[in-house]
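Structures follow.
Two complexes come next, and they have one chain in common, subunit A, joined by subunit B in the first and subunit C in the second.
Coming up: the complex of A and B.
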């Protein structure tokens, strides 16, 4: 078996509290494999730990958060515990990230074209004129009309959709192997979401790169990615081919999430009762027990491990 | 079901126009028309939904109805009374009939006050000055949204987003309104919680006969709740009809583009999928023709002429000459 491009194993992340103890454990043993040239979505509600997983991969955890255990391998190279200098080399060249707010990834006081050219120049050693030309070509490739002129604009002069296209150009400027996109279209209108998602898919495939798409919307995952991983309360509930996971969900949580997205008649929608648990200490049972329609006494016995079931992996003792 | 005035609609909006005027650094006057001549009514026990992308002007409509901002033109009649001409003082009697549920419940509550204190203000506004009767009313409305009354002793930050949104519905109910303006009531909530609020609102409508004006961009929520739907683009309605007309026999290219982009599994869509290019731009408001012209795959010369809302064969109103006269040419039927 070939090594996956990204291999996250048993990743546990905690936030330290006052007095040296751990205030919360938002990720509790997350496993995630992204094969080469594959689009993987990481689906979850707020608080599920999906963005924190991405932050851990790029070595940019928020203040107070730390990796307690587990490993993150990129192409076989261990990233947990590696120095900031090496991480900086990898970011941009091997891994790139796009955020929900495109203006967060672009410098407001530099022109859009200028900063993309600068990244190309530093990473590839190309001359100024050539870097500049490549930046314009890249913006053009991302569907920015009149790219040569718009390259001289600042990001505040771009509309939301254009800014996200420019952020994608920036992310792809060094031909990374892995693009992490954290809710890249959540702030955009529906018609624009579709355009930007299609562009991301097209560009990532053209470059032969992998995509890790972080989203709360399972419908977005379905139309964008070949594989889907469902996260709930800091645990992977189910992971496998998108068609199987969303077409015939094995984990009751995946099933409930899909039903919450499907419209129901008579003015009523499917709702999962209760709320997501707050992860203060280590989980001793399945985190979905308090809301699960199929809960049984055996569900309280242990934290269900992620097991291979047919074409996917599922964490549920009932399966 | 309670009736409006003489069996008529509760709310009637006629040719509503709203301009925002700004001045630039040289004090030149710039007029942005956010709402451009829209008309609709809301009947007792009905949910009328306005959908559209940001910048369509849908939230401005609600702000005008609540008199949070003035109108530039048109009339708004609530329970038979024209409210646009009323002063703030004169409007106070009518305000209790129309209440608002905000998108972000955390921003709608005073963070330092207990939830009970926030609810009591509304109970007082409801007319009763007796404290124990106010508390009874608060308990009752909190139970009606599916929560236990003890929760009101907490502060907004101590309850979940879903619970707080229920409480903001409970608070509105304290003044016994006839119409709730729901401004994106579920978009700050997680997917698994969203349905809880939708179902609560539907149940309240059935038991209390409430009317809703729903403004949302989530087409699934609108499908679950609305009886009639208006699709808004750059200040104008481009399609108005029953829920089934709009979702299952959508005619306007913009409506079809929205439905396509929303990736709904069901309901089925009419005709071919429509892909819109580009994005919403307020520059188009100045054009006299169709405002979607630069994004629409079917646009041609005649689209530069002014477009009016006209009925289609399936009965809804559509602002597109091609959809009305030559539906087959744009992949319908």
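Coming up: the complex of A and C.
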């Protein structure tokens, strides 16, 4: 069996409180595998821990957060506890990230081309002229019209879709092995969403890279990725081939999430009742019990482990 | 055939054109351009500021526009010569304060924690003293000379830039583009230099103009109390002090014209700061 490109095991992240203890544990034993040259989506509602998982992978947890336990391996190399210098080498070069708001993620006082060229220079040691040319080529490849001239423009001169294309160009400038796209199309209108997603898929496939797409929209995951992992309250609820996970969900949460996006019941959009629990301490039972339509007494007995069920992994005692 | 290149303005020409247009449209820029021109070219065109030219205490006339002082020196020539000294001292002192205060403030805001707290406490301890009193004390201890004056004026202004830059950088530290730069593997120094500082430069440059004005005022004040530039060197503050006793006897021009020069320069620099802030 080949090693997955990204292998996250039992990842627990906590936020420290004022008294030195942990105020909350937003990720509790997350397991995630991204095989090579594969598109994986990480799906879940707000507060489920998707972006925090990505931040942990890239070694950029917010202030006050720390990895309590677990392991993150990139191509076999352990990233938990590795120094900042090594992480800097990996960021951009082997793992790249693109954010939800491309206008905010590009520096307003530097030209777009200049910013892409700078990343190339930092990681490849290319000269000014060469990196500039590569930046123009990348913008052209991303479908930016008149790329040479537009490389000299600032981000406020770009439309939303163009800015996201430029952000993608910057993320892919050093041919990373893994691209993490954190809600890359949330701020775009429907037609642009599709175009940008298609571009992301095309470019990632062309480079032979893997994609970790973070989205709350399960329909986007279905259109884009081969595999899907569903996250809820800092736990993986279900993970497997997108077709299976979204076609015949095994976990009640996945099922509820699909209904919430796809179904109108009694003339109203379906919403999952209740809210995501506040994760102040270690979970002792399934975190979905207070909202689950199939909840039983056994659901309160223990935290369900992620078990292999057919072609997927599911965390539910009822399955 | 007219080529496209020929019909379009080159970037350098268009930039120059914009500078000229803005200068003539905005009184603050025009006034600053005139003062800078006087300081740069004026000393080559006027009389010797130290030369005895005849009648002492002569009132302003066609020959001596600003009159002469008690030693028969041309006050106009001295005011023009002093412009160069005052502006240089002001510019260098303010620039030194920027060079030290801006990176320190940015570093404190970016790193946070102990280094930030330490920098803040040090700058607060400097700012606890009135600026002029602090400058007076240091100059009195070290002795007045142009380099010492520049250093002292710069030193008392460093906390201003440190705090200003810190407060401007603080909201940028967690901004998406800084996060994106970190995610792209750029070093802390590169992020500060390339991504954060250019975003706060406008605020700092607006303050720079005000700071040059402050520096000129501090220099004039120090010279006025006898701890700044020594006579007979032409300096506005020293010239005001030089002529103050003659005011009582009706020879108002000795102090008035250097005083007006200080006023005009300080006002211009303050207006210039407003113009920079409002993006003219």
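General observations
Note that in this section the second predicted complex is superposed on the first by the 316 of 319 C-alpha atoms of A that agree within 3 Å, B and C clash if a C-alpha of one lies under 4 Å from a C-alpha of the other, contacts with A are read in each partner's own complex, and residues count from 1 in each chain.
Quick note on the criterion: a residue touches a chain if its C-beta (ideal position, glycine included) is under 8 Å from a C-beta of that chain, and two chains touch if they have at least 3 such contacts.
Note that the structure is a prediction, hence the values are computed from the model and not measured.
By the document's definition of touching, neither partner reaches A:67: not subunit B, not subunit C.
Between subunit B and subunit C, more residues of subunit A are touched by B.
Judged by the touch definition given at the top, the superposed model places A:107 against subunit C, while subunit B stays out of reach. In the superposed model, A:211 lies in contact with neither subunit B nor subunit C. When both complexes are overlaid on chain A, the residue A:135 reaches neither subunit B nor subunit C. In the superposed pair of complexes, A:25 makes contact with neither subunit B nor subunit C.
In the superposed pair of complexes, A:279 makes contact with neither subunit B nor subunit C.
Look at A:191: by the touch rule set out above, it reaches subunit B but stays clear of subunit C. Touched by subunit B in one complex and by subunit C in the other is not one residue of subunit A. Subunit C meets subunit A in the complex at residues 175-177, 179-187, 190, 194-195, 198-199. By the touch criterion given at the top, residues 45-46, 159-162, 189-195, 216-220, 222-223, 256-257, 260-264, 266-273, 275-276, 291 of subunit A touch subunit B in their complex.
Of all the residues in subunit A, the ones that touch subunit C in their complex are 58, 60, 88-93, 96-97, 99, 101, 104-110, 118-119, 122-123, 167, 170.
On the side of subunit B, the complex with subunit A involves touching residues 53-54, 160, 162, 190-196, 198-199, 202, 205, 217, 219-221, 223-225, 257-258, 260-267, 275-277, 279-281, 295.
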